[in-house]
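Okay, structure first, notes after.
Lettered A, B, C and D in written order, each chain numbered from 1.
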Amino acid sequence: SSGRPAATGALERAMDELLHRAVPAMPAYELREKTPAPAENQCADFVSFYCSLAETTERAELLGRLARGFGVDHGQVAEQSAGVLQLRQQPREAAVLLQAEDRLRYALVPRYRSLFHHISKLDGGVRFLVQLRADLLEAQALKLVEGPHVREMNGVLKNMLSEWFSSGFLKLERVTWHSPCEVLQKISESEAVHPVKTWMDMKRRVGPYRRCYFFSHCSTPGEPLIVLHVALTSEISSSIQAIIVKECPLSETEEQNRITTAIFYSISLTQQGLQGVELGTFLIKRVVKELQKEFPHLGTFSSLSPIPGFTKWLLGLLKSKAKEHGRSELFTDSECKEISEITGGPVHETLKAFLSSSEWVKSERLVRALQAPLMRLCAWYLYGEKHRGYALNPVANFHLQNGAVMWRINWMADVSLRGITGSCSLMVNYRYFLDQTAANSTAYLGSKNIKASEQVLSLVAQFQKNSKL
Amino acid sequence: SSGRPAATGALERAMDELLHRAVPAMPAYELREKTPAPAENQCADFVSFYCSLAETTERAELLGRLARGFGVDHGQVAEQSAGVLQLRQQPREAAVLLQAEDRLRYALVPRYRSLFHHISKLDGGVRFLVQLRADLLEAQALKLVEGPHVREMNGVLKNMLSEWFSSGFLKLERVTWHSPCEVLQKISESEAVHPVKTWMDMKRRVGPYRRCYFFSHCSTPGEPLIVLHVALTSEISSSIQAIIVKECPLSETEEQNRITTAIFYSISLTQQGLQGVELGTFLIKRVVKELQKEFPHLGTFSSLSPIPGFTKWLLGLLKSKAKEHGRSELFTDSECKEISEITGGPVHETLKAFLSSSEWVKSERLVRALQAPLMRLCAWYLYGEKHRGYALNPVANFHLQNGAVMWRINWMADVSLRGITGSCSLMVNYRYFLDQTAANSTAYLGSKNIKASEQVLSLVAQFQKNSKL
Amino acid sequence: SSGRPAATGALERAMDELLHRAVPAMPAYELREKTPAPAENQCADFVSFYCSLAETTERAELLGRLARGFGVDHGQVAEQSAGVLQLRQQPREAAVLLQAEDRLRYALVPRYRSLFHHISKLDGGVRFLVQLRADLLEAQALKLVEGPHVREMNGVLKNMLSEWFSSGFLKLERVTWHSPCEVLQKISESEAVHPVKTWMDMKRRVGPYRRCYFFSHCSTPGEPLIVLHVALTSEISSSIQAIIVKECPLSETEEQNRITTAIFYSISLTQQGLQGVELGTFLIKRVVKELQKEFPHLGTFSSLSPIPGFTKWLLGLLKSKAKEHGRSELFTDSECKEISEITGGPVHETLKAFLSSSEWVKSERLVRALQAPLMRLCAWYLYGEKHRGYALNPVANFHLQNGAVMWRINWMADVSLRGITGSCSLMVNYRYFLDQTAANSTAYLGSKNIKASEQVLSLVAQFQKNSKL
Amino acid sequence: SSGRPAATGALERAMDELLHRAVPAMPAYELREKTPAPAENQCADFVSFYCSLAETTERAELLGRLARGFGVDHGQVAEQSAGVLQLRQQPREAAVLLQAEDRLRYALVPRYRSLFHHISKLDGGVRFLVQLRADLLEAQALKLVEGPHVREMNGVLKNMLSEWFSSGFLKLERVTWHSPCEVLQKISESEAVHPVKTWMDMKRRVGPYRRCYFFSHCSTPGEPLIVLHVALTSEISSSIQAIIVKECPLSETEEQNRITTAIFYSISLTQQGLQGVELGTFLIKRVVKELQKEFPHLGTFSSLSPIPGFTKWLLGLLKSKAKEHGRSELFTDSECKEISEITGGPVHETLKAFLSSSEWVKSERLVRALQAPLMRLCAWYLYGEKHRGYALNPVANFHLQNGAVMWRINWMADVSLRGITGSCSLMVNYRYFLDQTAANSTAYLGSKNIKASEQVLSLVAQFQKNSKL
């Protein structure tokens, strides 16, 4: 940042001044409980300064300075570590060792934690910290700020938020057409999976045969943190069209005995600052309990999930295969032949072009020809592609962590533009067998085993056979 | 505990089995975010086992075993400390040091913390932990369980509770005669300072010219954690009789312009497990704001506080002085003479006997004779008697930490049996000058300076002059 | 009232002035919809004048003057009646007749109705009218005001209140220990049947195995108009002691399968001004529905009712029989003999003395000896004694109108002082067979038939046999 | 109806059967309080039969039969009238006359009133009757049903509804963006004056500098009966465009000191069955009080009202004038000349064509030329055109009855298509001087005097001068 203009230098000086003023000093260990809280306006200064920074880069700069300049005092940590080690060599009574460890523990608390702690006590303070962490995550994603100090600060914040947004303090709220417009507008705007188009569309999603729940924190009731949409059906849905239809009877009353299955068709975090705080898993569990109370005979629980990244992954594959000539490992010979006939060119090249747009779905023949190979490829993408041993696809990873089974891959399941271009119309069900989720979750997290249905395993096997993997 | 009977041995074995089953193992540092939460019933087992222990001693035994057997792995701490120290000597890039410190931090987390953390997520879990800490404090007070491990566990619990009962999550609720009977009964029963006798007595305390507020946690609205009673007056009250009177007009409406002063005449923690969590200070601050909103012209804020321990301290003094013969340092010669005449014996001995009961208030002469010396002694007790440099009297210490001024000592301020026997009828006002409380608090906590009024300082000076201190 | 002192004359003149000012004039028929409402303060004047009258007699005087002086214009009625009759003789088109009838209808509206109508629109106006009618009923009972005009005004008020307190506007509210103290205090104070002694007594009546419901008007939620207490039992209770016991487990939770029977053990109107508005009948019906929803297997519904007036009736009987010498028609010869032996004197005279106090219950022998004859006499009192053909006893008349069956007379059912002196310890169950109440009600109201059980009919038969009726 | 097909005959027979079954018989006068209510299903039958009739004509037929067949027993009325008259000639004591009058009153109650009364006690019964009256009004308007009996039944229903929807039972509710979507959708759909286009449009109308209130009945909170929209401004608005703008800052906070004026810009009845129940007048009064509480310095209250029917009236006038040749009484000679020049033809004919569409506003010259004459004509339309002596224009009549002053006629005040075609862009302010409304209302209703401002009176005078009226 040496090349910055003078004005920026002024801003940076203002940042440093602010931080030295606002971040409370660490009292000596002995005085830690005898130090009055900093004046309210000391922390409020930080909040208003931060909010006055309109630019993402400026906020990132401030957060970087805070993380790097107001962390742990490494000298103190080393000194207390030495103290602990010495006691290890010259044992004394337990109280002495425990106190030495406590001093060390105290030395390991980064100084900015105290700032966050005091901000949390201000009116709207916790909400501010959620926003601050959202900014931090965005800045990291945009590489506006980097390094181990920032990662550490993110971790500290995440732990604090996890304590505050602990499940005991979350309130499950159901959304209906009687909920405040404010809430429905927020939910409508934050719907990330299947965007809401009109208010009637929204009314449908909170109407008969549908449920919409969210978690709020008990200190801010009515403010959605994470939202789950559920469809109540008589079988596991194989397409989103059946759930989000344009024209449908709004006043229809529910027949309880037609409802045997709950389909989780959308889950959206509305507060990005709460990423990693485990709200989703817990929300699904709570909603399952709620639904079982309302419908004692409801027995089948499954998601109908998007497969973000599939088309991108497939195009990458086609591109690399297009270079290597010779036998395709992605398609069988007869598939190659049929596709080439339809597209009028070499299978990899032409498909690459076709799948880049959504035009291909208009050709019935092509749709028919692609079904088998794309389902096979998709099964492999979900089941076989990994990141550090866990499923690469984030939605798959989420449901597998929760203990769901990879249940069924569905063709022509999302024919919206978004569905066609993002995942070639495919969607997948992750099914929750309630008596097995705990075991599945442990197996996946511990041994990285993915539990999948016959259909999925069979598709995976076909892929492997063909590609000689 | 080797000498215990076999049956107790069985209980102890059951305790150890339970703890090994219920307390989650610490995952390796690398897997700490990839380990699923323990099954709900694992933690629920601990809760139900604990609740099944009816005896205080049994609960204390279990908590002692938990504290001693499931704390920090000292070997791990030493190992990670060594790692940090080594990096200090052979500097590497920041990321390496920060990770080593994080490993050390992780090693310093006692294993039982994870148990408490998971219990907090159960329905009613936080409430259970508040009760558990109340038991722990009681067991420590009764010396049923001791030692540094238990003190450490108490500290860990206190920190967790402080996070959960942070001011941002507390809800100020006002109690009126329209509040649920449930709430009024609880508040009535938990009133520790001036016990509530009848329901009409309670109706009076929530009626005109009175306010009663409590904090509840946002997850359990309507459940009082700490309660503050306020009287709205036109001057700083010098006796509790004027506030808690038996017969008074219940339907009287408030005349706003007669209200210039708020007297905090009782503050009671209803959940003992929350001792040390700083609810009281914050409650007073919030109530001050609330009252200022309701009565913009309200300008004077003061407590009318009991002086628990004063009679006991005075009796001890009289006892020790009774042994040393010669000139009394507690009373002037003329006081000695007058008192002796009334009581008919040596001043120290006879007073000791008199003050042990409440009979003395029936003698107008004695009441008159004792006023000057007892007020002087009380001023010294409050101002001069210290524990680790801070006021010995806990109520004084509480208000001084909040930044109040020791304002006025009042004679015949509480003529109930409790008032006479506990503090010789004396009560004290701690006055809050809102623009000075922050400075006073810092001065008291930092430099142990007590801010007191002319009246108090003058009484202290008289005491010192007399006792040649 | 000619003999009254001058000061009263002044008050009376003030009353007349007020009434002429406050009671709106009747607009001509043609202008009845084109006349603006009287100014708010015109009606408010009446309200404040009325409220300023502290004495019952003064209020009664004002109401009498209103009733007599501001009723119907008999000349107008006659004139319009003549108009209608003339059309009867010289038929014209329907519209003419209908309008003549409407003019007549308009002429028949008393002028004070318009005053009441406008008062009802004031804040708290309906509540005022309820109080006014309560005063009117009391004044009539005390014979402070009499005559047909007052009876007519009472009827007009009752009809207006019936319209406003129509069942569609009543809200059923359940009282629990979580209800406002305000409500519980009101209910406690208005409990007329079995007075509430302490707050723990009240807590019991809203605790497990008990229900307490009230109707409020939708415009004043939380204000009880009429209260019903229910005990949930496993059989039809034969004594009130089992329901209102002093010491009982307060925290006991209900076992649904032990609950088969609902006992209505107290119903109290809290607003006397609503007498005759049919709230009681409707409250019982609504509570039955509510209980059936909560306890689908609940099948038995019955009251446990007091028998006010029984002792008084019996004493009257004894008195008249005491005069006629000869064979007793109230007791059999052997009963006479046994009672005389115990009381030591002629049966009628001595019993009259004994039953005037509550001492007799202390003699086990007497209690045994009186059981058979008193139950027989009580059966006759309830079943045989009539007023205009309907049951003389008002509680019996209430339940019989509702369609209940006179089910069981219970000995030693209320051993409180009130129970012994008021009804010789007897209570009665009126049982509700839900599928028969409509038919029973019609039979009772129409043909004055009382439906009674075998037990009651057999007791009645014994009475008749003995008394040769 | 003799010519109807057989099927209709069947329906009519079904109607008659239903009515004979469902409408309760009138009990004899003596038994009127001893007759049990009809079984619930008796009245419910009527409700379900009525609801099963899908066609407006069928419902009208049923209502006609009810009105004609189940009204007053004219024989009874005549008989009782004779009784009253006889007493007039042969005076007896008051009680006898009063009872005779009461019998007559009883005879004058139409039998269908009892049906309505019992329906009102059913769940949702009052709501049903509101709908039934809405149907009745519609059927009368469409001339599907006519005659004095139907008019009488309408009057009876209106009186019953007036009693139930009395102001004491109405709840003023404010609508904000936090209100349920259900409510906002209803209000949006029922907005009759300035239709709501989008949800953002609606959000604006409940946002800063706007208020939206409605009355609900206390038995059905949250259900709008009548809605009032208010704009908070700094002067009396002269155009609707300034209030209902498309793009405006939604998050703007209100500056209290800029708010001096409240403009009622829309009032809509959402339940047509409540026509004539005087909700509007009372809503305006309540809202004025509410606003004065919120803004103590708010001093100016005015409507900004549409002038429905003005264009139609004007076109009628032009048409009739077009026939009579000679000097125009509507325009001055110079106006005639100028307009003719612009329109290119005889003023009456060409204007008739122009004003029939909305094209004329595109001609700046024509807009300028028409301003003076149209404002003059409009002033006359509002002030001078009468129906039975009261203002012909219904909106004017409503505000004048409330005591408002006809304040200002505004040119180009509503340039929406609706505004141009309905009232040539004109709108009018009716201003409420709170201390004069009572007197104005009385003067208008009693003497038919219209209070108008200088501007209006001056325009009226110009019109009169020109037209030689």
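The rule is short, and it goes like this: a residue touches a chain if its C-beta (ideal position, glycine included) is under 8 Å from a C-beta of that chain, and two chains touch if they have at least 3 such contacts.
Please read all numbers here as calculations on a predicted model, not as lab measurements.
Looking at the partners of chain B and chain C together, they share no chain.
Here the CA centre of chain A is 43 Å from the CA centre of chain B.
For the pair chain B and chain D, the distance between C-alpha centroids works out to 66 Å. Distance from the chain A centre to the chain D centre is 55 Å, each centre being the mean of its Cα atoms. Within chain A, contacts with two or more other chains are made by no residue at all.
The touch graph of the protein chains shown is a ring with every node of degree two. Per the contact rule defined earlier, chains pair up in contact as A-B, A-D, B-C, C-D.
Of all residues in chain D, those touching chain C in their complex are 34-36, 39, 72, 74, 77-78, 81-82, 84-85, 88, 94-95, 97-99, 101-102, 104-105, 108, 120-123, 125-126, 147-149, 151-152, 155, 160, 163-164, 166-169, 171, 217-219, 401, 438, 441-442, 445-446.
For chain A in complex with chain D, the residues that touch the partner chain are 177-182, 184-185, 199, 203.
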